[in-house]
Every structure is written in C-alpha cells, then in structure tokens.
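Lettered A, B, C, D and E in written order, each chain numbered from 1.
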Amino acid sequence: MPEAILSLSNVTKQFGALRASDNVSLDLMPGEIHALIGPNGAGKSTLIKQIAGEIKSDSGNIRFGGRDINELDAVERSRMGLARTFQVSSLMPEFSVLQNVVLAQQSVSGKIFRFFKPVLSDASLIEPAMAQLERVGLADRAQMRAADISHGERRQLEMAVALALKPRAFLLDEPMAGMGPEGSKRLTGFLDGLRAEAPILLVEHDMDAVFALADRISVLVYGRVIATGTVDDIRGNEDVKRAYLGEEA
Amino acid sequence: MSALLEVSGITAFYGASQALFGVDLIVNEGEAVALMGRNGMGKTTTIKTICRMMSHRDGEVRFADTDLAKLPSHKAARLGIGLVPEGRRCFARLSVMENLMAAARAGEWDFDRVADLFPRLAERRDQKAMTLSGGEQQMLAIGRALMTNPRLLILDEATEGLAPVVRQEIWAAINRLKQSGLSILVVDKSLKELSGVADRYVVVEKGVTAWTGAVGDLTDDLADRYLGV
Amino acid sequence: MSMNRETILNIVLAALLIAVPVIAQIMGEPFIITLATKVAILGMAGVGLNIALGFGGLVSFGHAAFFGIGGYAAGILASHALNYEPIMTAPFEINGTTQMIVIWIVALIASALVALLIGAITLRTSGVYFIMITLAFAQMIYYFAISWPAYGGEDGLSIYVRNSFPGLNTLDPISFFALCAAMLGVAIAFSAVLIRSRFGLALHGARQNSQRMMAIGIAPFRVRLVAFVISAMITAWAGALYADLNRFVSPSMLSWHMSGEIMVFVILGGVGRLFGPVAGAALYIILEHLLGGMFEYWQLPLGILLLVVVLFARGGLIGLLAGERKHA
Amino acid sequence: EPVKVGMITTLSGGGAGLGIDARDGFMLAVKQANNPDLTVVIEDDQQKPDIAVQLADKMIQSEKVDVLTGIIWSNLAMAVVPSAVAQDKFYLSVNAAPSQLAGKGCNPNYFSVSYQNDNLHEAAGGYATSAGYEKTFVMAPNYPAGKDSIAGFKRFYLGDVSGEVYTKLGQTDYAAEIAQIRASGADSVFFFLPGGMGIAFMKQYAQSGVDIPLIGPAFSLDQGILGAIGDAAIGIKNTANWSKDIDNDTNKAFVETFQAEYGRLPSIYASYGFDTANLLLSAMGKADVNDKDAFRDALRAADFNSVRGKFIFGPNQHPIQDIYVREVVKEGDVLTNKIIGTALIDHADAYASECAM
Amino acid sequence: MFSLFLEQLLNGLQSGVMLFLMASGLTLVFGVMGLINLAHGSLYMVGAFACAVVAAWTGSFWLGLVASLMAAALAGALVEMLVIRRLYKRDHLDQVLATFALILIFSEGTRWIFGSFPLFLNVPEALSGTLTIPGGSQYPIFRLAIIVAGLIVAGGLFLLIGKTRLGTRIRAGEADREMIAALGINIDRLYTIVFALGAALAGLAGAFVGTTQSVQVGMGEPVLILAFVVIVIGGIGSIKGALVGSLLVGFTDTMGRFLLPLGFEAFFDPASATAIGSALASMLIYIVMALVLFLRPSGLFGTEA
C-alpha cells in the first residue's frame, strides 16, 4: 500500500468551550479524492485551516509528504505543496484576474525579492498563468478586476490560483459553492481529471458532486469523524442520513 | 392578483461597463419567483437594483405602487423589501443576537420565531458572527431579513454552502413563508429545489430577461440552453 | 503602444519642475529656485513614503523619524567636520565630513537600521494601530532629540555652509536644485521600476489580502518589512538634502507635523501614483507661499482648497487630471 | 537711501499672539515716522524653523532686504540668524536672543534690542535673593531655553534650590508638579513656562490652594495673556525690562497710541517691536544702509528714544539695562503689571566676555 | 511622602478621566464609524471657546457648559453632513487629508473671530476650593468633579453603545453600511447623530479642560495625539478600552513625571537625573503604547481586524 501524502492523527482544536475538531484522524492517498462532509459548523473548515497551518492545533499530529509539519506556519506549508481554496473567496480584489494567478505563479518560482525586472511582461509567468485561467474557463475575464467579476467567477478564480501553485495536494473548501448548475457540472468533470495531478481533500455540500467524485468519504459531526468509507457505505449509513444527508441519500 | 414588484426594462452600469441591458420581472402578491441564469448574467445586479444598492439608468422599478427610482436604500427596505444578500454579509463583530436586533422592526417576526425556525441560532446567540460556520452565517442572514418583517423576501443564493438537511429545512421554511402569504424572489442554483417552491421562473442572460414562464413550462431544452443543465 | 494620460501628465510635471527654476534663473528670481528645490526634496520624501503608504498600504505616521534621521546625519557629520571634533575617538577615530555622498550613505544606512527595528515591531500591527505605533516611535525619537543637549536639542543644529558634492557649487541655488532634482529623478525611477517588479506585485498583494498571500506561500510580513525599509531610506535621503537646503536641522524635522505634512503631499497628489507626492508637494508649497503673503488668515483658504480637492478629486491631483486608474 | 526690512514672525497657530504684538509695535513706530524710505515686508513663519529659513532666503534673495527682524523663538533665531548675518544682512532681534549669539557666536551685524535670553531669569534670581527667599522650587520645560532659564536664575540666586523639575514641552496639566511643589517645603517658586503652558500652570496653581509665592520672567504674565489667566495672576511677581508704567514721555505716548491704534494694551513684545523700529529709523537718519560700517556704527550708537528710558548696547550688541520687578494688579477691570522695584541695575549679560567683537 | 504619593495617584486618575472625555468621543467616531477624524481636536477647541465666550458673557459657567455641548454638536453635525458623509466609502487616507483641512479651517476661523490671544475661562464658583484628602493634602474640588463627570459619561456611553438598539445599529453600520441600509435603517441620519454625539463629548471635554488651561487656538492638537494614543492602547471602538487606556496613560504620565527623576537620582547626580528622568518621562506614554501594541497588536480590548 502506498504511503499517504497527508495524514492526520488525533488532531484537536478547541474554541473556548467548543471542540471544533476532536481527535480527528484521516489520510489522503495519492490519486484519490477524499471528501469531507458534515453538518454546518461541524468543523470542516477548521480542519482545513489546521492542515493549512492557519490555526495551530491544540494537539495531534499532521504529516505531509513524509514529514511532520506541526511546527510549520501557513507559508511554509504552502511552499511544501499544500494548496487550498477558501470557502469564502479570498482574493486580491484590486488585482486583475490574471495578476491574481501571476502572483501565485511567482511564488512557486520562488523569486519574490526581485526589484527590477518588470513582472507583467515576463512571459515565464504570464503564459502559465493564462493557461490556468484557460483551464477553469476564465480566460476571457483575465483583464477584469477580481472585485468586478461575479460571485461564481470568483470561485473559479480561487481554483485557478490553487492550480497555479502546482501543489502536491489540494485542500478545497466548497469549490462548488456559488457555481451555477452548469458550472458545477463542469467543475465536477474537471476535478475528476485533477486527481491524477494531485490528490484532493474535498469539503463540499453538493452531494451530486461528492457522490460522483469521491473515492472515500469521511463524515465529520461535532468535530468527530463518525464514519469513513466509500460512497455506498456512507449513503447507507443511518447516522449520516440523520445528521447530514436527510432525503439526499 | 396584483404586482407587488414590477421591474421593467432596466439597464444598469458598474462605472462605464454595462451589466444589465433590459431586465423585466414581476413578482405578484403572495407569489414566489425564481430568478435564474448562469454565473455572471446579472442576477445579483438585478437584485441590487431592486434594493437600491445601485441605481438603474433606463426602465422602472416599482414596489407596492411606488416608483423606487428616487428612494434611498433604507426607504425601499421600509416599504417591505427584505434582502438575504449574496455572500451573507452578516455584521462580523456583532453577536448573533445583535445581528438580529439591529434589523428588527415591529411585526410577527421576532427573535423567538427566528429561533424556532433556526434553533442553531438560538444556541449561538452570543457568538460573534465572524466565528460562525458558513451555514450558521447563512441562517443568520435569513433570520436577519425576516426580522425586518418584509412583504417581499429576496434570497440571493441563500442555500449556498448549507448541509443537505439544513437546505431541506430552509426550503421547507421558505415554503412555509410562502404559504403564510409572503412574496418571494429567489436566486438559487438548484433547479430541483427551486421547482418545489417557485411559481414562475425568470431567466436572465447577459443582462436581459431571456425567458419567463411557469415552472412547468421550462423544458429540458430550455434548461440546457439557458442554464447548461 | 500609446501613452496613457498619467504618463503624459507625469512628463509635463517633470518638465515643469525643471523649466520653472531655469526660467527663474534667467529672470533673476533665486527664491523661486529655492521653492522648487523644496518641492523636489519634500516630493522625494513623499516618494519614499509612497512606497510604504501607496504601494504597500502601510500608512506610516512616523516617516518624519526617517526624514529627521537623514537630516541629523547631515547635521551631525557636518558640524563635527566644521568644528574639527571627531565623532568618536575610541576604539578608532571617526571624523565628520562635509561630503554629501558620504553623508547620504550614512543617512541611508542609519535609516535602514532604524526602519528595520521599528518595522519589525510595528508591522505586527495593522490598520490604525500601525498608524499610531509608527507615530509613537517617531514621537520617542522626537522627544529624545528635543531633550538631548549634545546636538542643540530643541534649538537645532546649524551647518552654516552647504555640504559639498564633487564638481558642483552647491551654494549656487540652481546647481543645488539640479542635484536635488536628479536625486528625485532617481527615487522616482527606482519606485517606478520597483512597482512593476515581482516584488512590487507581491507588495500590492500583501496590501490587499495577507490571508491569501500566506496561502500561496509568500510571507507578507517580510515583503512589508523590506518595503518599509526601502521607503524609510528614500525619505531619509530626502531629509539629508533638506538639511542642506536649510543649512540647518532641528527636531521639527522629526515632529508629527512633518510626518503629517509628508503624508498630506502624498494624499493630495494621489496615493500610489508615481508623481503624486511631487504634485502634492508642489501644490501645497505654492499655495502656502502664495496665500501666506496675501492674507493674515491664509490657512483658512488653504484648508478650504484642500477640502475641495479631497471632496471632488478622487485619487488626488493626479487622479483628477489623469482620471481614475483601472487597476494596479 | 531706501531701506527694506524683512520681518519674519509668527502670525498663525498657537504662538501667533506674540508675533502679532511684535509686528504691531514695530509697525506703529514705522507709521509714526512716516518715512517713505522705509519699506517692510512681513511673512508668517508658522513657528517652524525650516519655514523661517526659507523665508529668510526669500527675503534675502528675492526681496533683497537690507535688514531682517521679527523672530520670536530662539530655535527659529538659531536657524535664521547665523546665515543671514553671514550674508552681510543686519539682524535686529525683537525678542529671541539665545546665548550662542551673545557669546562666541556674536556678530557685528546682529543686534538684540530686547535682551539676552537669560536676563529676565537672572533678574528673577536677583529678586528672589533680595526678597530673602531661601528655598526656591524651580521649574521649566525640558528644552534648551528652559535649561538656560534655570541656569540664569541660579546665577543670581543665593538661596537653596529645594526642587528642580523639567516639564514636557507643551504640557498642559501641572497637577503632578504642583503636588511636588506643595510637598517640597519651598518658600518660593520660580517658573518659566511661556505661552499656554504658563496660563495652564497658573490657573491650576491657583485652583490647588497652594499659596507659596510665584516668581517668573515677564513672559508668562504679559499683557497678552493676563486676561486668560484671570484673577489667579494677581500678586504674582515677574521680572521685565519694560512695563507700561515706566515713567517717560516716549513710553506714555507709546502706550496711548498703541491702545488707540489697536484697541488693546501693548505687551512687552510690542514694546520690543516699537524700540526696534525706532532704533532702525535712528540709524537710517544717520547713515546709508549700503555703507555697512557706517550703518552699523549708527545702530550701535542707539541714538533713539526708547520706551525703556535709557538704552545702550554692550560690547556684544546686547542691551545693558535695568530690569524691574513687576506685580500683577487689577486696574478697574483690566489686569496689568505695576513696577514695584528694580531687580538688577545696568545689567549686562553673562556671555559678553566670550564675544570676540 | 505617603500623602504626596496618594495625591499623585489621584492626579493620575484625574488626568486619565480627563483624557477619557476626549478619547471617548474619538473612539466612538473612529471605532464605530471607522472614520479617522483629525478634526476631533478642533471640536474640543470649539467647545472650550463656546464655553469661555458664553461664560464671560452671561457670567455663568453652567450656561457656558451647555453652550459648549451645543456648539460642538452643531459643528459636528454640520461637518458630518457637509464633508464627512462623502468620505465613508473612501480610503482612510482621504479622511486624513479632509480632516486635516478641517483643522486648518477651524483653527484659522476661530482665530479670525476671536483673535490670537487666549481667552479666559475659570472654574465655577460652586466647584472652586479644595478638599482635604486622606494624608492631609488639599485637593481641588473641581478635579474631583471631573472624575465624577468622566465616570458618568463612561457609564452612559457603555450602556448606549453596548446595550441599546441604537448602539447595535451603529456598530453594524461600521461593518457594512450598504447592508444596514438595505435592512431599512437610515444610516446617514444615524451617523450624523453619532458624529454629533462624539463632537459633543469633545466639546464637553474642551469646556472642562479649558477651565484649567489656556483656551487658545491650537489647544486641540496635543490632546488629539494623546487621545489617539489612548484609544489605540485600549483597542479601537471599545469604550471600555478607551477608559482603561485613558487611565493607563494618565497614571503612566503622572507617575512617570513624578517618579522617574527621583528614580534616576539613585544613579546620577540630581541635575542629570532630573534631565534624563524628564526626557524619559516625556517619551514614556509612547513607550507604553509601543509595548502594549507589541504584546497585543490590536490594543487591550480591541478585536482582531
């Protein structure tokens, strides 16, 4: 069995009296889409933040790429190849769509402290950035300000930025949110192909997408993983139905 | 049945760039209308115009027999337009309770009723909105709009990011609101769920009303053409 | 490629800044040259601040500290040289100097060190807290300068003769102007290049959204710190020139009024615009001198004019003349 | 032989009152003389040294003035005077006269018509001694002029200093210092707090119920601000080289005409401005300003009627003069000062000997 | 020594409360409305001048006090409607420039009307005189009255902002003006009211403080900086923070001025000790501020932005 790229063991985070993640253990294997579902407020985004290094876990261990990353901050983890999207789009609003991607591209190239060479005529950055916009279907918006594109388009841009980072694992926090029916369909197809590039930890409430994509699903309720298994396992699980799926099962 | 909201032929601009080229839309008293269209087609812009968060150039927006053209946002709201905006826009530093109380106006909706609708909000009543989970914030935004006791409730992607159970609850709640006589204008991506609530569909494409009709009239052909499903 | 309006405007401004003193020289109006020199120097201080404030969104209310450090570098070195007193004797002897180039280097190094220290502490905060904590550091330095007797305290320090620059008679107003204008040119050119560079993009990004910056693997703190230091150095350089313009330094160069004034130049001209600080400084100084001679309560019309500019010219003077910018 | 005078003084902001008085006194004399050869340009220095320097440049380079005057504050004087006199312009001080310009840095083109900065403080020291005080609490702001004032006071004070406090420049609340004064066991307090600082201190001192007598230089109890202090000022002793009740015809006429012209009583700064203008006019009557040496000699002769009575310059071109002790009194509704004695007679400054002129 | 110490503590408290009167209005406008108002000091000056003029004219300090509240509130409301209203959507920096321009306008306007000489304003008869405090020192009644007034204002504001619907709406407006308007609240009028209230508090402070110092043009500037220091230490927008920050600054400043020179006498001769001690004392509050922000980047009671 191949080694997990990302592996959490007994990760916990407490906010005051609330335990947002409670002894969570899960793995992300190469080539897989691992969906993380659960009621609102279950702690999914919190877990993503813990993995990305935006909040420090109270206890537990996170390994990534064969290495403990507990002590690394968000910047270092990103540089190691963890790319995440945000549940609420978090972009550079004044930048053009293209600049948003170029900035990520430049971070990957590792050369930030260059003071003289103009960046926006640097083909080694522009071309790959355009290619990513192409992939998510935003190429025709490249020159618009990120603040001026529609909500759904911003979600696509989030995706393009993550792609530009050429990560070793994706952490996607509700990428379908805000996408129209057509957009969701396209993105589903897209993610399906993406897993070959890097495995995906997918937080999503769109069950059509989750059931279509996930190799494995973990269900988080009140910070705890109450079940992990294949799509069919989870669909048939009564607890999950009650806590989360309702009639969607 | 009389028109509560009547939008006719409006155009609207962001600076120099035009976003709406002629949107027509009617919501009758007690009716639920779904506004649909692909990403970036002008749904939110239309809603902002109705709520006077931006002004239209040509055309007319009438609500409860009042021309909204000259009204500031708060006056339009006081006529009875309650908005659940895209992206929730809860007041981040205020607690759940304070978010609700800030919006409160006299009427049948009060904290207790909102708490009945969304028990989760009652549990979190003293938590700051910015630390709520996405779904909790969404509930808060709906609750807040209800606290204004509106005649027309406008929901812009109100179920985005909600768990299926909650979404079902919210649709059920919206249905109940409709039953109770509230008029509703709703934007959402899920056709399936919309069809359970809406009386009519209005589809915008590139800033123009492209199709209007009863729910049953939206054939698969049309859905594919306008919505890509 | 056609030039956009802002570029044309910048060229016109630069041409004016050079033409006016030349004409003044021909007409025998040396004071106009002095005024133009002042515009160039304070504009340059603004160009420095603009890197932090305009490009990086770091609203420093303490840049007078760096302006003053530059000034005192000039004042202290020159006064030691003029009095033939070494600055330090043990463990080795350091003497003063009247060479501008040496003075500038000292000013740049000193300001960079201070900015590194202040930046490392202040950049942990943001927004209004940043504004105030930069002010706090500047005030500490200000009160120190006032009560420290060695270099004149509140009375300040006279240089008597302008420091020298190889091949130039710095006492000649037009020559000194040319020197200052050239340095302003260097500062503007540098910031123009900087802002289009990779670093510039990162700096713009750090201003808008640090959460996103971290997520793509760039530490916004480091980007900001570097920008803050560069910004401080340019302002300090201008400070050294200002000391030479007045042949005098005093704690007033370090006061919060000075910080505010530099900030006003930047805002008035247009935040984040290449020539904004120069345009702002020019307008302010011209108004100050025109109105000051006309009317005892001249600050009243000045205030009203400034107010009109803010209310009706978005993006400052440059914004008014060149139109609003599309995006960064 | 027309003479052009450049007056750089503070006309805006919190310190404007002093500059306005000096200007008005100066211009009153100019108006009275009605000498068509004399023109005056006036500019506002905003109490900022860099602005003062630039204005001096303007006056010298563009206005081509022969004489500069008007500066109120020592730090501004230090910024302007050395380079102005080095460019062979005359500078006549209407107020600020820092020690550097009286001693080593004295210059033949520089005249102080007012005093040397330490003079009034020295007189306060002399007065405290002669009044028999033995334990004086001294207080001044923490900047060079403040330290000079305390040094000046101590120079002529023979008793003990029971406490010494340097306050923050621009401080407005003195409760902490007043508490220290109360606790110090002093029998008198010497304070130098110019402008608004002095007003605040004296009001709070009166409110605090401490009744140890106050002594200060005239600056804090001058006509311009007495009204703002109110009755709290009554009885406070202060030292001055001018007072409106100095008994001579020039002074009487000055006080009357000033009041008629401007609708207020003249202050000490107005008197300095008035004397400065008259000194200049007297020199203009004797010599051509372009003949620097002759003009300088004419200034040095100080052949004019001073509101102070006699007026002579010492070797460093600072006045040698009597310094009085005044007391604040109420005349009708108006607070003003009355001379109650002389603190120092024919007093010269302490730096003259260092001046190599 | 004990009574001196006690008296200095009281002085620290009183100077803190005085600062609070100024800072509370500023934090209201600044924290709640998100507006950097450099002209707050000018409103303080307006209050002091109004009080001085009316008190001189009518002979009653209390009428002057009423006048100061009204004049400052009126000036505040006017400024808000004519100028500030256009700036909410703008960058903070435009607000800085605009309110800087307002300082010039207010200062020179006041000087034009009232001249360049300070005005007279004294403590009202009823509050003059002193009280004996434990330890035997005399303490001015007026200063005690300021302490009481400040605490009342603090309590009132705390209730208003934290506990009333008006306060909630005001705070909501800061987060998202457009949204609060879309909920049917006349945010423009609300903000005019808040601004006028902040101005009135500044005016009140001006009137109080004017009785103990000189009422002159430019009196607002040093206090303005101090008030900013206070609200930043306390955490912007927090009334509690403004109170704690004021007291901290008041105590630090008073005790620093008092104790630092004494402390240095242990190491230096008295003259240098006084000089070094007072130099350090004048920097002390800034050092404290830097330290607080170093440890808590958004002030003592501020919320993370």
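We adopt the following convention: a contact is a pair of C-beta atoms (placed from the backbone, for glycine too) under 8 Å apart; a residue touches a chain by one contact, two chains touch by 3 or more.
Composition by chain, UniProt nomenclature: A, B = ABC transporter ATP-binding protein; C = Inner-membrane translocator; E = ABC transporter permease.
In this text the structure is predicted, and so the values were computed from the model without any measurement.
Peer 1: Out of curiosity, which chains are bumping into both chain A and chain E (ABC transporter permease)?
Peer 2: B, C
Peer 1: Measuring centre to centre, with centres taken as mean CA positions, what chain is farthest from chain B?
Peer 2: Most distant chain from chain B: D.
Peer 1: Check C-E against A-C and say which one is joined by more contacting C-beta pairs.
Peer 2: C-E
Peer 1: Which chain lies the greatest distance away from chain A when centres are computed from Cα atoms alone?
Peer 2: The most remote chain is D.
Peer 1: Report the inter-centroid distance (CA atoms only) between chain D and chain E (ABC transporter permease) in whole Å.
Peer 2: That gives a centre separation of 34 Å.
Peer 1: Could you give the separation in Å between the centres of chain B and chain D, each centre being the mean of its C-alpha atoms?
Peer 2: Centre-to-centre distance between chain B and chain D: 74 Å.
Peer 1: Please report how many Å separate the Cα centroid of chain A from that of chain B, as a whole number.
Peer 2: About 29 Å, centre to centre.
Peer 1: Using mean CA coordinates as chain centres, what's the gap between chain B and chain E (ABC transporter permease) in Å?
Peer 2: It comes to 44 Å between the two C-alpha centres.
Peer 1: Can you list every residue of chain C (Inner-membrane translocator) that touches 2 or more other chains, as numbers and ranges?
Peer 2: Where chain C (Inner-membrane translocator) meets two or more other chains at a single residue, that happens at 143, 146-147, 149, 297-299.
Peer 1: Mind pulling the residue numbers of chain A that touch at least two other chains?
Peer 2: There are none in chain A.
Peer 1: Which pairs of chains touch each other?
Peer 2: By the stated definition, chains touch in these pairs: A-B, A-C, B-E, C-D, C-E, D-E.
Peer 1: Where on chain B does chain A make contact in their complex?
Peer 2: So the residues of chain B in touch with chain A come to 14, 17, 37-41, 44, 86-87, 120, 131-136, 138, 157, 160-168, 189-191, 227-229.
Peer 1: Please name which positions on chain E (ABC transporter permease) make contact with chain C (Inner-membrane translocator) in the complex.
Peer 2: 30, 36, 83, 86-87, 90-94, 96-98, 100-105, 107-109, 111-112, 225, 228-229, 232, 236, 275, 278-279, 282-283, 286-287, 289-290, 293-294, 297-299, 302, 305
Peer 1: Spell out the residues on chain C (Inner-membrane translocator) that touch chain D in their complex, using ranges where they run on.
Peer 2: 29-32, 34-35, 38, 143, 146-147, 149, 152-156, 158, 160, 173, 242, 246-248, 250, 252-253, 257, 292-293, 296-299
Peer 1: Report the residues of chain A in contact with chain C (Inner-membrane translocator) in the complex, numbered from low to high.
Peer 2: These residues of chain A touch chain C (Inner-membrane translocator): 52, 54, 73-76, 78-79, 83-84, 86, 90-96, 99, 102-104, 106-108, 111-120, 122, 145, 161, 165.
Peer 1: Given the complex with chain E (ABC transporter permease), which residues does chain C (Inner-membrane translocator) contribute to the contact?
Peer 2: Those in contact with chain E (ABC transporter permease) are residues 53, 59, 121-122, 124-129, 131-133, 135-137, 139-140, 143-144, 146-149, 256, 260, 263-264, 266-268, 271, 297-300, 302-307, 309-311, 314.
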